[in-house]
Amino acid sequence: MTLLDLSGLTLRTTDGTTLVDDLSLTLAPGERLGLIGESGSGKSLTALAVLGLLPEGITATGSVELAGTQIVGAREEQLTRVRGRDAAVVFQEPLTALDPLMRAGRQLAEPLRRRHGLRGPALKRAVLDALERVRLAEPDRIARSFPHEISGGQRQRVALAMALACEPKLLIADEPTTALDVSVQAEMLDLIDTLVRERDMAVVFVSHDLAVVARIADRAVVMRQGRAVEEGTVLGLVRSPAHAYTRALVGSARRLESALNLGDPR
Amino acid sequence: MTPPPVLELRDVSLHHRGSDTPAVQDVSLTVETGGSLALVGESGAGKTTLLRLLLGLGRPTRGTVAFDGTELAPRDRRQMRAFRRSVQCVFQDPYSSLDPRRRVGDIVAEPLRSLGLDTKATAAPKVAEALERVGLPADAVRRYPHEFSGGQRQRVAIARATVCHPRVLLADEPVSALDVTTRVAVVDLIAELKRERGLTVVMVSHDLSVVASLCERTAVLEGGRVVEQGDTARVLGAPAHPYTRRLLDAVPRLPV
Amino acid sequence: MTERATGRTTGRPAEPTTGRATEPTTERTTGRRRPVRSYTLLAGCVLAGLIVLLALVSLVWSPYAADDTSGGRLAGPGSGHLLGTDKLGRDLFTQVMTGARIAVEAGLGSVLIAAVLGILLGLLTAFAQGWLDDTLSAFLDILIAFPTLLLAMLIVAAHSATLGSAVLAIGLAQSAVVARLTRILVKRVLTQDYITAARTSGTSWPRTVAQHVLPNIWPTLVVNLALQFGLAVLAEAGLSYLGLGVPPPNASWGGMLQEAQATFTTAPAGALAPGILLVMLVVGVNLIADGLRDTLDPTTRRRRT
């Protein structure tokens, strides 16, 4: 059984340039896949295409089947039904993903109300629960705050809580920790890891950072210039990269990391 | 007698107006000629504030910033000119640090022209040399920043910062906006410039692996204070402060 | 070519994957300037250009003298008078031509005042800090809230109803709008790293403003000034309609509309002619503003190719 099935997905701009070229991949329920690539590789666009969230001027051909629904060419009502229920997304920059003029609690209440039909005190309780689940201390205060009043890590947790609110089968995380400090990033990765494991949720984790992807995903696709150049287990890719580009990626990451081996006795 | 450190902060504190807590507090740092210092910490630790102080862009509420042993006086035009010529900066975001409406040639020539070192004509060969040194094609001078990728833009910024042959290069997260492969290339470039020209490097970064690749000394900042400083090998190799250890542990590593 | 396009959609040009910048970049092909083809700009130029042409011709030639009433009252179009005559027997086409000149003068004059005053004030407020910033901002807010009509009445009361008074009133009112826009634009530019880079390169403030700030706010300002031109033309017509603009016998379009109001059903040409030309000029100028918006930005310029 597959949860997500991309076959021959091709994304083009209106002037005919190809951004993603004939991409095929599948994802089983509960599976955790990394999409690795540098800027311009088409990895983020691929993630957006899964939810039918492509920016204007980019058209998709091929097939994206998410939990039995064909996304390519689907009408907006169909997409709305799929989003949240079958798949939800967390973006890189939580400050732009959240409405700056709405308190965090109200933003989070919206999907909870839609999905579970909660109202009044029950809804309020659910909001606080959801905030607690993403390990936010002081959920009361966070719920009452506007996005700019809380830190980047807290905002990203709120965004994650919103994505999880509808209990999707698939979580799409598009560079969710790139804008965060290292220690906050480590906590956030831990949190995502725990939450999706508990829920048996499938993950598509998009990142340029191999080490970060390795924290979450078991399998990964390396993308370059819109094409998948290599696919395999994360361990396999890191230990014995086959494609030249993957080798360059792993080599660069290793070189930077090796600088940290300062005769550390630990 | 040893020469005075090229840059020095002595018991510096800075309180932003309207803020309860000081952005930096009682910070003392020295930057020796030819040495390299990393300021490490997370957002809000005061890294950028310190860098602005070192760039003479702000004045501390308490304490002094000294250049070549003399206190930096923004009103002293002669000293400031010598200072600007000696201390140049590379910024984090190569998308915002290059004026989108100027050609790369004019951008790189700016320090030469503004410091009155060169005319447009005499600046041209130096600009060409600086661009060549950072590995950009000669025709870059006529092009605009948006025609370049992030890594190339950062090279333009490095060319601008080194065109007047400064003694000190300050770098604010110079590679954190770049992809991994590009990151390595730019780190290499800075290391080469440092070696070739005996350039003093002060780098602000939260990326410990970049710090370890480039800087001999490291100061760790938390909440506006220096919690630990010393040789990078010691600070990052055998951290004494729990915060440093936490930062180190948080670095995501490739599976072995 | 994939690389180039992908970069665009993410807002960043693609990275050459080796990281060595010496390799030829795909962006180079986009680097060449291509001729800008904006039909909006073209249409705007044609519309507004016709009016400007009319205004220019009126300086050297018109079919009749302004005070020639030989044509008889309210003559219909044709019969030696292209558009007919007004209720005093003056040639309408001659009046419309003069009106075009007055409209263009009013627009240019107002925008000139608004630009000079507004940009200076805007720069001043953008750089001002503390109480000076507060005071200047409050002053601008009051000026923006102050009705142009009231301002015009005050100036006319102090002076007299002339084109100059109207232009001064409109220009002053608009300078507040331009100043506030300039202030916001300048403040935004000042937060950019390239300004800090200029300072650490030893660039003085005046030079920074000339080389970095103004070039970066200019496109937005020019577009706004073009819009202000259209508004100024309308405002002048309004003031003349109320008798606060150009005094008779000089024919302003606003004045003509007012005069033709009573006879609109019997002789519509007297109102239609200035009305249509007014719309042509304002629409034309707005189209130019839209067209400029698309063409002035070097980054969007290449996006369209």
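The letters A, B and C name the chains in turn, as written, and every chain counts its residues from 1.
Please note the rule applied: contacts are C-beta pairs under 8 Å (C-beta built on N, C-alpha and C of every residue); 3 or more make two chains touch, one makes a residue touch a chain.
Here the structure is a predicted model, which is why all the values come from computation and not from measurement.
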{"item": "Centroid-based (C-alpha) most distant chain relative to chain B", "value": "C"}
{"item": "Winner on C-beta contact pairs when B-C is weighed against A-B", "value": "B-C"}
{"item": "Centre-of-Cα separation between chain C and chain A, whole angstrom", "value": "47"}
{"item": "For chain B paired with chain C, centre-to-centre distance based on mean C-alpha positions, whole Å", "value": "44"}
{"item": "Distance between the centres, which are taken as Cα means, of chain B and chain A, whole angstrom", "value": "33"}
{"item": "Residues of chain A engaged with two or more neighbouring chains", "value": "38-39, 248, 252"}
{"item": "Where chain B touches two or more other chains at once, by residue number", "value": "150, 179, 181-184"}
{"item": "Sites on chain C at which at least two other chains make contact", "value": "7, 12-15, 17-19"}
{"item": "Touching residues on chain B, where the partner in the complex is chain C", "value": "55-57, 80-81, 84-85, 87-89, 91-93, 95-102, 110-111, 114-115, 134-137, 143-144, 146-152, 155, 157, 160, 178-179, 181-186"}
{"item": "Parts of chain B lying in touch with chain A, wherever the complex brings them together", "value": "42-43, 150, 179-184, 187, 206-210, 212-213, 232-233, 236-238, 246-255"}
{"item": "For the chain C and chain B complex, residues of the former touching the latter", "value": "7, 12-22, 24-25, 27-28, 30-31, 192-194, 196-204, 207, 211-212, 215-216, 298-299, 302"}
{"item": "Chain B-facing residues of chain A, complex", "value": "38-39, 152, 181-186, 189, 208-212, 214-215, 234-235, 238-239, 248-250, 252-257, 259-260, 262-265"}
